[in-house]
Amino acid sequence: MDSGRLEAFSDGVFAVAITLLALNLAIPGPGHGPLARQFASHWPSFAAYVVSFLTIGIIWVNHHTLFKNISRIDRALLFLNLLLLFFVVAIPFATGTVAAYLSHGGADASLAAVVYQGVFEGMSLGFGTLFWWSIWRKHLKISLTPPAARAAIIRFGTGTIGYLAAIGIAVLSAPASLLISGLVAVYYIFEHTPARPR
Amino acid sequence: MDSGRLEAFSDGVFAVAITLLALNLAIPGPGHGPLARQFASHWPSFAAYVVSFLTIGIIWVNHHTLFKNISRIDRALLFLNLLLLFFVVAIPFATGTVAAYLSHGGADASLAAVVYQGVFEGMSLGFGTLFWWSIWRKHLKISLTPPAARAAIIRFGTGTIGYLAAIGIAVLSAPASLLISGLVAVYYIFEHTPARPR
Amino acid sequence: MDSGRLEAFSDGVFAVAITLLALNLAIPGPGHGPLARQFASHWPSFAAYVVSFLTIGIIWVNHHTLFKNISRIDRALLFLNLLLLFFVVAIPFATGTVAAYLSHGGADASLAAVVYQGVFEGMSLGFGTLFWWSIWRKHLKISLTPPAARAAIIRFGTGTIGYLAAIGIAVLSAPASLLISGLVAVYYIFEHTPARPR
Amino acid sequence: MDSGRLEAFSDGVFAVAITLLALNLAIPGPGHGPLARQFASHWPSFAAYVVSFLTIGIIWVNHHTLFKNISRIDRALLFLNLLLLFFVVAIPFATGTVAAYLSHGGADASLAAVVYQGVFEGMSLGFGTLFWWSIWRKHLKISLTPPAARAAIIRFGTGTIGYLAAIGIAVLSAPASLLISGLVAVYYIFEHTPARPR
């Protein structure tokens, strides 16, 4: 079974999820005070949009890089991919929730940020499992030496640990946790799966 | 006529429908009580999201598996596929409705659950007809022995009967019917069309 | 230039538009009377959903059939295709508007139905122009005899005239015009572009 | 790395963004005065829909034309493409905002129009950078003579300067700036990247 249709379906989900993010940008509109003030008080929506857009964009880049190197798709891989998409689909909801509560402070802001980072953590674990399965079942086109495979898994794990840290920090400060997940996204711009042929 | 574009269009519909599911997760937001209580009273939305996500995901996996084995597309198959998509597109609406009424109990919860399970039943019948047509008109790449074809249809029918049972149970208890359709989804994780070459 | 990416983009638009149709099905929800009565008074939404779903589905089938037979894409064809999509994208809006006013009667119902049928008319003219251009500029893989080409254009024109009639009838009765466009959709299930090789 | 999946993902984003534009067309509905008057006072939504639809359509046509001539995709190109999509995804939000304020006049209308034109400017700069990178890193299938490359960049820059002018004009008159971006769109119907083989 080739990966063409799995990639097409996943690309569709990534594309819809990343575009739905912008629905959260909508401001209250006429009759709710000067537009400039509406934009200013709406900063959490813009900040969360940037972080979530970058995160989904990077998942897509890494998904693309990984599946380019996968030679065989089994039924387990289809369902592990669905697990990953389960969390991707929840990102617009989590983004809207954290944006609504970010500037409120207190327990509600922390809870919203924990949910947001929790969705990222779930996505990261889903992707990690997918990656681990494709190495373990030898579905990759290239064969990794044991140290290379270990390095790959550690590097992949960076996101998982980053989001875990963000969950912890969210309890103390929701905006700080948003910053952490933004940094994880920036990290993945420069780093990537070692499955990529050099 | 090859199946490429039918699959691309169907994948698009599956991807949009599965991603729109998450719109139903949106909570009322600031000014409607503590966020934790909002999440807690919102459990039917999360439960319905899980069941619907899994169901659409599995339809996609089975659609993928079936069309990989179909060698020829005729005009009837295009319209049978549209019939299947007709019900798939209605799933986010049915999910939102059942989630809104699930914890209300009484006749409204039952009616909402009957509609939800009815959409699944329609989807299941649409898929079954598509499958039956592709066997009957010999559109499959492999040829099934009569017992294998019979086994396939029976196995396919499990979902149809499962959703029919869920409709009946919905009259008595909406949450119980949600559980039934969740179990049907789990069944299809492990079972699938025998058209798959071994 | 091959038609692959034009088809992929168009399929994406068709898939999103057909799935967004279901957003119009949403009922007011808890606190707005018994659910059964909400569904009953919501019949125009369901009727309009069926007609619009079938119409977009058939546009897709015909688009698919036409482009399978087109050998060359020029820049004009890209923009004629955009013109067609311009009206396709407006269908969910027109469907929601006609559904909201259908049972109100009077001038508002007629106006809503005129807009709805006008969007279909625009779509039909867009498709007709696309078809005419691909014949005129000899972009089809097969060459049509003059009578076959004339027959094709007449047959194609049936929709254009059907929607024109529906606009006229909409002034008298909005529900009757909905029925007309439903009949046009049924007509196209059985009829299609003669560009199809036999 | 071939460009297939980059194009599929981008097409998905273009298709969703262009279709979401129509959500802004929704009128208040029954109970908000005669439908004809609702449509009439809703003209900024229709005007903004036409300009935004045409703009996204043309971005797609140019994206298509450019990537048909790109022979190699590197990681930087993936992220430059994400930068372009970052602004494309924001177009429905910016369209809804400018439509809501266009007929209000004053500082709010100007600010909304500045944001709208600013999103177009960002999109234009993103596309320009993508184009410049693919020339500079010799990713194009054809090799441009230095004057042809210079001409290409100047021609590409027309949009960037056009949107910059529209930002300036937005401060004076929001409707006039909408007209300018409409003219830029019309310009790109007739003009295009010289990377196109003749």
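Each chain carries a letter (A, B, C and D) given by its place in the written order, and its residues are counted from 1.
To be clear about the criterion, a residue touches a chain if its C-beta (ideal position, glycine included) is under 8 Å from a C-beta of that chain, and two chains touch if they have at least 3 such contacts.
This one's a predicted model, so the numbers in the text were calculated from it and none came from an experiment.
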Review point. Any idea if subunit B and subunit C meet via the same residues, over half in common, or different ones?
Key: different
Revision key, fill the gap. Of all chains, the one whose CA centroid lies most distant from that of subunit B is D
Point to revise | Rotation angle superposing subunit A onto its copy subunit D by C-alpha atoms, nearest 5 degrees | key: 90
Review point. Just curious, how far off is subunit C from subunit B if you go by their C-alpha centres, in Å?
Key: 26
**Study point:** Centroid spacing, where centroids are CA-atom means, of subunit A and subunit C in whole angstrom
**Key:** 37
Check your understanding: By residue number and range, which residues of subunit A touch two or more other chains?
Key -> 8, 11-12, 15-16, 20
Revision key, fill the gap. Within their complex, subunit D touches subunit A through residues 1, 5-6, 8-9, 11-13, 15-17, 20, 75, 78-79, 82, 85-86, 89-90, 92-93, 96-97, 100-101, 104, 107-108, 111-112, 115
Exercise for review: Mind listing the subunit B positions that touch subunit A in their complex?
Suggested key: 7-8, 11-12, 14-16, 18-23, 25-27, 29-30, 34-36, 39, 53-54, 57, 60-61, 64, 68, 189, 192
